[in-house]
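For clarity, chains are labelled A, B and C in written order, and residue numbers in each chain start from 1.
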Amino acid sequence: MKRSLRDLSDAVEARLEGDENLQLEGVASIDSASESDLVFVEEEKYLVSALKSKAGAVIAGEFAANSKGKPLLISAHPKLSFARAARFLQKGADRHEREKSIHATAMVDHSSQIAPGAVVGERVVIAGDAEIGDDSRIGAGCVIGRGAKIGRNCEIYPNVTIYAGTLLGDRVIVHAGAVLGSDGFGYVRDRKSGRYEKFPQVGKLIVEDDVEIGANTTIDRGALDETRIGRGTKIDNLVHIGHNCRIGQNVVIAAQTGLSGSIVIENNVVLGGQVGIGEHARIEEGVMLGGQGGVLPNKILRGRGVAFWGTPAQPVRQYLKQLAALARLGKKR
Amino acid sequence: MKRSLRDLSDAVEARLEGDENLQLEGVASIDSASESDLVFVEEEKYLVSALKSKAGAVIAGEFAANSKGKPLLISAHPKLSFARAARFLQKGADRHEREKSIHATAMVDHSSQIAPGAVVGERVVIAGDAEIGDDSRIGAGCVIGRGAKIGRNCEIYPNVTIYAGTLLGDRVIVHAGAVLGSDGFGYVRDRKSGRYEKFPQVGKLIVEDDVEIGANTTIDRGALDETRIGRGTKIDNLVHIGHNCRIGQNVVIAAQTGLSGSIVIENNVVLGGQVGIGEHARIEEGVMLGGQGGVLPNKILRGRGVAFWGTPAQPVRQYLKQLAALARLGKKR
Amino acid sequence: MKRSLRDLSDAVEARLEGDENLQLEGVASIDSASESDLVFVEEEKYLVSALKSKAGAVIAGEFAANSKGKPLLISAHPKLSFARAARFLQKGADRHEREKSIHATAMVDHSSQIAPGAVVGERVVIAGDAEIGDDSRIGAGCVIGRGAKIGRNCEIYPNVTIYAGTLLGDRVIVHAGAVLGSDGFGYVRDRKSGRYEKFPQVGKLIVEDDVEIGANTTIDRGALDETRIGRGTKIDNLVHIGHNCRIGQNVVIAAQTGLSGSIVIENNVVLGGQVGIGEHARIEEGVMLGGQGGVLPNKILRGRGVAFWGTPAQPVRQYLKQLAALARLGKKR
């Protein structure tokens, strides 16, 4: 759906310079933009190419004020404004397209509650006592277990499996193939027979508001208690989160990172890709851990804004010194 | 379904102290227990809180004998007894709930054999010449290829894909999104064109009894021969097992570990998370390999109960000495 | 379908010795072969066991010329000829079995174009404006998004999710559970609230001809522009490829490797398993990177045929010297 530059400027709280009636439909990169697209420039050096591009309008910082050539949206945080503009334009498009309904091929148990504004796609299976909130969309082929609850404005992409009893807040996005609430990996060995017997995995998984979960990521339910993903946390593809983990708010977890059981990740932590963390470890508020870093079981990493790296993870400056020393040593003979 | 403490005590072979007619429904942690729950205590220091909790009864070691306050099940291995109690209570619940049938929306080829006690869920697709054993449950959205055979008492969670010809034993659990029997990663390079041509991947995958396979794990079929997962082996989420691997019995493989082709893992091996093993390596009986450890192609790790760590994997004591030496070196300048 | 040795010899361009009318049905290993199977021998030392096996015929190098006991196909590249023979035999079998049609339970939007020779499996969902090319096969449970285009002769295994707008060339193979074209992992942090807001992920994913993609692998669409997988590239299971990556031709990526955003992988690169590469890195033509190797953001690896290993990745000889020095150091005290 087209939106005027005036509407966009209001929506993203940016100062408008130029034709307020210009109609825009989407966002694009400078190279790929067409006349109905908005582009953004964060650094002044890219401003000229943005102004020369085919884009209809440009979001940029104060440095662009009074530039000629295209209508402008001037923002203190152009990338953030651009992200919001994209969402604003997308919302319009969605509203148009969505049919608010339960597809005829979906199998919804009569004891489940689907809010009137929810969209349930083709071939979805929803077991008994489940709830789907208003304006939430469940993609084709998803399977929602008994008693699972999904809040409002969620977007569940196709072929996601949500185990029984899992709870999702509002505005949660789950990408295709993700598995939420699966059994944790817990066994008790019978010393006599040498066999592993399954320890009960009957806890819950709770995913708070505004979380995004990547494609084919797996998050296990608690064994007896809960696994919890805090509000605003973003999780990339193919991440594994084991049973009883407690992830804080606004945590970022890059692809293929794995958390074994009973780990605490406090608010605002950033985990790079392929990080591995042992059970019962604690990563405290604001720590950053570089890609492929490893944390031993029961360890604590501490320090707001402190970057760690390596296995076992160390403060990055200390680790770089070790790498440098090793490089020198390797050259000696 | 409720069970009396007497029945539980018989089922898990624990000594009963207190009201044998007490009815229990589930298991829980000490913190979350309600009156119909059983809890367990492995260490004496937690006994007081268990006795003060809301739980209906407590499984504990001999140290708890004659304690007052709650009915007790005294066991030499309280955690193991607790796991068995949980299964015993769950079985009752399942028997109640399960409808033994093929769902009307399942597509089952007429040449397949579904045992009368099997449950085939919504939207399942079962190709020709497949077999599903008695009391096995196939979750919604699963796709079972031609000639695949699934034994008795298996639990296949939703959206699992089982390729043609794959064989599963009895009591196998497969979590959502897992892919069993996919093509291995094998190509032959045509030196003239520089292109890779697919090497045939026409072998089998055989999964023996009592194996559990985690969510979104992938196990490839053999190229020409078989891939085999031995009896009682437990595999976590997002694990990759390549073609022609032979995994022994009672092996434990934690999340995100990857095995390339033609690897032998002998009985009772424990692999931590994110371990990587190169082709044709052999991990001998009872070896333990720490998280993120790496084993080069063709290498052999040997030693019952010996822990290895690092890449390339070394005995952990030796590796820790190297890490310590490196740390000292890094401090020198 | 049976094929004569004469037909096989023509198809794989190998010299025939012996009964040209011999009928073969499949390929096998020397140990598992039956009379209707073809086997291959690359090294002379295995020739005797091949000739003694139950196989109907043997593909081998010149060293086998004039051997007695079985019909032979003599080839300069026996493994390559064997791979082609397998494909030739398989094609015959497929032609027999395939029903060219759209299954009654598939949901295909009327605005989509399905070529007459395509096969669309059970429960497949194809959104509007999608295209499926001739002789392509879409497995049960796949979900194909709006405007996605799949070329000719593709094989899409069950439960694959292809997001809207994704483009696949011809002869692309996608294994079960893979997710193609999902949103990249990009956010802008609002410094005031501390929250992450989603950066638009509205670009495309383009997969060129002859690519194979493993089970449960995830490949994200571009943020604003495209992600591209070059012709002939082979990708194993559980691989992650982030937004805006540009992968060249005939690249090999082993299982569980992860590429974050905006990475360039040039032609003929080989990446081992569990490799991790940081954003904006560039791996130049013909580089080989060993398993678990890590490349920092913005780094460049260069050198046709040069092997790198370790994190941060270094030329393998240099890295081995460091490991050796470290081992000596660890022994000192």
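The rule is simple: contacts are C-beta pairs under 8 Å (C-beta built on N, C-alpha and C of every residue); 3 or more make two chains touch, one makes a residue touch a chain.
Computed from a predicted structure; not experimentally measured.
At the interface between chain B and chain C, under half of the residue numbers involved are used by both copies, so each side presents largely different positions. The best fit of Cα atoms from chain A onto chain B calls for a rotation angle of 120°, in steps of 5. Spacing of chain B relative to chain C, judged by their CA centroids, is 28 angstrom. Counting partner chains per residue, chain A has residues 123, 141, 159, 177, 216, 238, 256, 274, 292, 326, 329 touching two or more of them.
Looking at the complex, you find that chain A touches chain C at residues 26-29, 31-32, 77, 79-80, 82-84, 86-87, 90, 105, 121-123, 139-141, 157-159, 173, 175-177, 210, 212, 214-216, 232, 234, 236-238, 250, 252, 254-256, 268, 273-274, 291-292, 323, 326-327, 329-333.
Within the complex formed with chain B, the chain A residues making contact are 107, 123, 125, 141, 143, 159, 161, 163, 177, 179, 182-183, 185, 187-191, 194-200, 202-203, 216, 218, 220, 224-225, 238, 240, 242, 256, 258, 260, 274, 276, 278, 292, 294, 311-312, 318-319, 321-322, 324-326, 329.
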